[in-house]
Amino acid sequence: MTSAPILDVRNLSKRFGGLWALRDVTFSVSEGQILGIIGPNGAGKSTLINLITGQLRPTGGSVMIDGKDVTGLRPWAIAHSKVARTFQIVKPFRGLTVRENVAIGAMHGNDPDPTVQDALATADELLAVVGIAGHADAAPSQLSIADARRLELAKALACRARLLFLDEVMAGLRHQEIDAAVELIHRLRGAGITIVAVEHVMKAIISISDQVLVLHQGSILTMGRPREVLSDRRVIEAYLGHRYVQRRSS
Amino acid sequence: MSQFLQAAAYGLVQGGLLALVAVGFSLVWGILNVINLSHGALAVTGAYVAWLLNTRFGLDPFLAIPVVAVCLFALGYAIQRWLINLVINAPIFLTLLLTFGLSLVILNVLQLAFTADDRSVETAYASQSFVIGTVNIPYGRLAACLLAVAITAVLVVMMTRTRIGRAIGATGMDRGAARLMGIRARHIYALTFGIAAALAGIAGAMIATVGSFNPTTTPTQLTFDAFVISVLGGLGNMYGALVGGLVLGVAESVGGLLLTGTWVNAIAMAVLIFTLIVKPSGLLGKAQYSGRV
Amino acid sequence: MSVAGATSEELARVLHGRSRTRRELLREWIRSRTIANTWPLLLGAAGFLAMVGLQQAIEPGTQRLLASVFMFIALAQAWNIIGGYTGYASFGQVAFFGLGAYTAAVLMTNYNVSFWIAMPAAILVGIVFAVVIGVPLLRLRGHYFAIATLGAAEGAKEIVNNLTGLTGGGSGITIPTFGTNSPTPYLGKPGFYLAFLIVAAASIAIAAALARSRFGYAMIAVHQDEDAAGSVGINTTWVKVVAFAASGAIVACVGAFYGFQQIEFYPQDVFDSSFTVLMVIMVVIGGSGTVAGPLVGAVGLELLSQFLRVNLGAYNQLIFGAIIVAVVVFFPQGVVNFFRDAWQTRHLSILDNVRRYRL
């Protein structure tokens, strides 16, 4: 186990015209950890993921994955550094079956399966892991939202990543579905995957995260253990407003 | 130098007319996301209607404009409502194919009815010119150009001030949302296409007065010009179509002075491709339509 | 197994990946062959042999007709690779056709090179052109890409037109085909029948191989969701350029044969945009994104077009246009896909199909 973190982000910044979506964000994640990222809407959480996984190019700063500089690389190059992600609004390949959707990742990700048959077999195994094996031949549009999220996750897993970014996978799920998702994430960590999860659902964040990072208006507000962060006055203020905190403390 | 001025003036006047050809095309592309390959054919249909009215009834082409507009509007409305609306949700090249097939049908009907001969509409005043210094501007062309600009201005007002115009704009921006607001999208689309067809027809009628036309080469040239102007000016942007038309008119005219015919086309193509890559929203394009694929 | 799936250990194993030596893979492939997955190959081979045999039974005139059908089969398959599978509808494929024809013609006429060297050279030119215009243009999407490729085709035509020293420009070019002057003896109607048949068979084979391969899936992924494709590790630029180059190479090869067949031609003959239109129509009508679709479309449409030309004379373009409109309205997903869906869902209704894409 090396001492270097698997993900090392330094001074990462992104500007859109006159607006700084992200400014001087610096943090690191050790292998096998689960980092939760929270923050009010517009804080820059999705932008952060997009910058790290290559959908956007940073205006400044650097991203190192496993000691390798991946700043500004195209998404596929970053994927081949053993990184995978899910999208907040799921993006399945609509004309293909659920199984084929997952197989694509197995064929083109890291350690790709040598044949299409192998990839389809891998897909079946991953569909069983996430729990939608029964839908393998269905079209993605026929899945419920919870199952669609599972498909998105299976697609990402098929890339055989060591570092996985989850973009609001819990949004819109019912309580039992959230519990099942949390359990799945624990099992992913058990298999050796490092996870960075952007979330709004606090119950999930507390259950899964080793560390929590709070973003506010493009900068890091604080970072630390889940319970500490969530009882931090500044964090409450960021989410619920200055007046709420004042009224509470008076 | 005077040659250059003459070419520039000529180009500007020609450009106004080209703008009218393009404005409808740009509107349909911007609002419906349909590239109407039969646009040139519709324009030439308008030309034939004007020609018919002129040779049968002696009607002056400028007076024939309302008739042409109504006929082409009806044709355009029908085409959109009962043909193109059927494939609107399909991948884009299906509408390209449909409009292509349509243009084949229209042009061949015209050819069978009127033969492939060049035609034009002669008027007494068209050959006389308006002279400033060394520059010579034929009345016919000038009238056509001014009318084109006027119609474009009316169109802009209609789009921004009237309820119908704003309904069209809204449907162009977000069809689903517009329908939720009670806008009948099928009708609005048909209306838009009808307007575009009417504009094309009017442009065709004017072209009949200033030059000659035929059912084989004229439509392709017109559709191509409309295309280039729409890209230059930005989709659905009517001022853009006007500016684009003027730019193209002057460029073709001045270019024709300096280069031989075949190179001018090649350069026009290069400019087009360059614009597509560097600024797909066009010289004046609005961002909301530049995302159209 | 728990309600939510397998254990961490099983997951870790899946994530470890599987790899085997090439020999193992080959043995596995051979062992996995059954009638179910080899019938297309058998059918194709049978069809090919049948066509070869047919040649003995028909007149040269009919051979010429069938040769043009084979030509369009190859062109349609080629277009399908970039337009159908990858989803980048190129409206300038005729550029490769013309460049292929002119490369072969120029080499044969000016440098007395044998056709069998000029044709591979034409393919090479096609690939180079595809890469040169593909890299900038494939960044565009949808309509913009279509029109930009159209522009590139017109540009290629203009360049050829203006290089009069090399290509004869507007006066056309003539390939020496008879006597001691000619580098390769003229193939004649039987020869070209066989030549185009082989090119068509090769294009079908290439398309079929691509369709089932990892590259084929990559093309489809790029088509359906380019961003998602990128994030699972597909190099979308590479996929697009390779598909474009493969398509261009096939079209250039066909163009070279066509040029040779015509012997004498002008730029507007081989850069005629109606070739592109026909390619697209054949694929769309047949059904894009499949191997059978372009085949059906090409055969059907070319035979129809010849029939119309012979029997209806002046009305043929009109009817052709009307048929295009009708097929687009009634079978927007293509005839092959329509019947395949109807077979799978046991539901055949043309009227329902018309409503499929309507507003």
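For clarity, chains are labelled A, B and C in written order, and residue numbers in each chain start from 1.
We adopt the following convention: a residue touches a chain if its C-beta (ideal position, glycine included) is under 8 Å from a C-beta of that chain, and two chains touch if they have at least 3 such contacts.
Here the structure is a predicted model, which means the values were calculated and not measured.
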{"item": "Any chain that touches subunit C and subunit B", "value": "none"}
{"item": "Maximum centroid distance from subunit B, chain identifier (CA atoms)", "value": "A"}
{"item": "Inter-chain centre distance, subunit B versus subunit C - centres from mean C-alpha coordinates, in Å", "value": "34"}
{"item": "Cα-centroid distance, subunit A relative to subunit B, in whole angstrom", "value": "50"}
{"item": "Gap in Å, rounded to a whole number, between the CA centres of subunit C and subunit A", "value": "41"}
{"item": "Sequence positions of subunit C contacting 2 or more other chains", "value": "none"}
{"item": "Subunit B to subunit C touching residues, read off their complex", "value": "29, 33, 35, 83, 85-94, 96-98, 100-105, 108-109, 112, 185-186, 189, 227, 231, 262-263, 265-266, 269-270, 272-273, 276-277, 280, 292-293"}
{"item": "Subunit A partner contacts - residues on subunit C that touch it in the complex", "value": "1, 3-12, 14-20, 25, 28-29, 32, 212-214, 217-218, 220-221, 223-225, 227-237, 289"}
{"item": "In the complex, subunit A residues that touch subunit C", "value": "53-55, 74-77, 79-80, 84-85, 87, 91-96, 100, 103-105, 107-119, 122, 125-126, 128-131, 155-160, 180, 183-184, 187-188, 190-193"}
{"item": "In the complex with subunit B, residue positions of subunit C that touch it", "value": "83, 89, 91, 136-137, 139-144, 146-148, 151-152, 154-155, 158-159, 161-162, 277, 280-281, 284, 314-315, 317-318, 320-325, 328-329, 332-333, 354-359"}
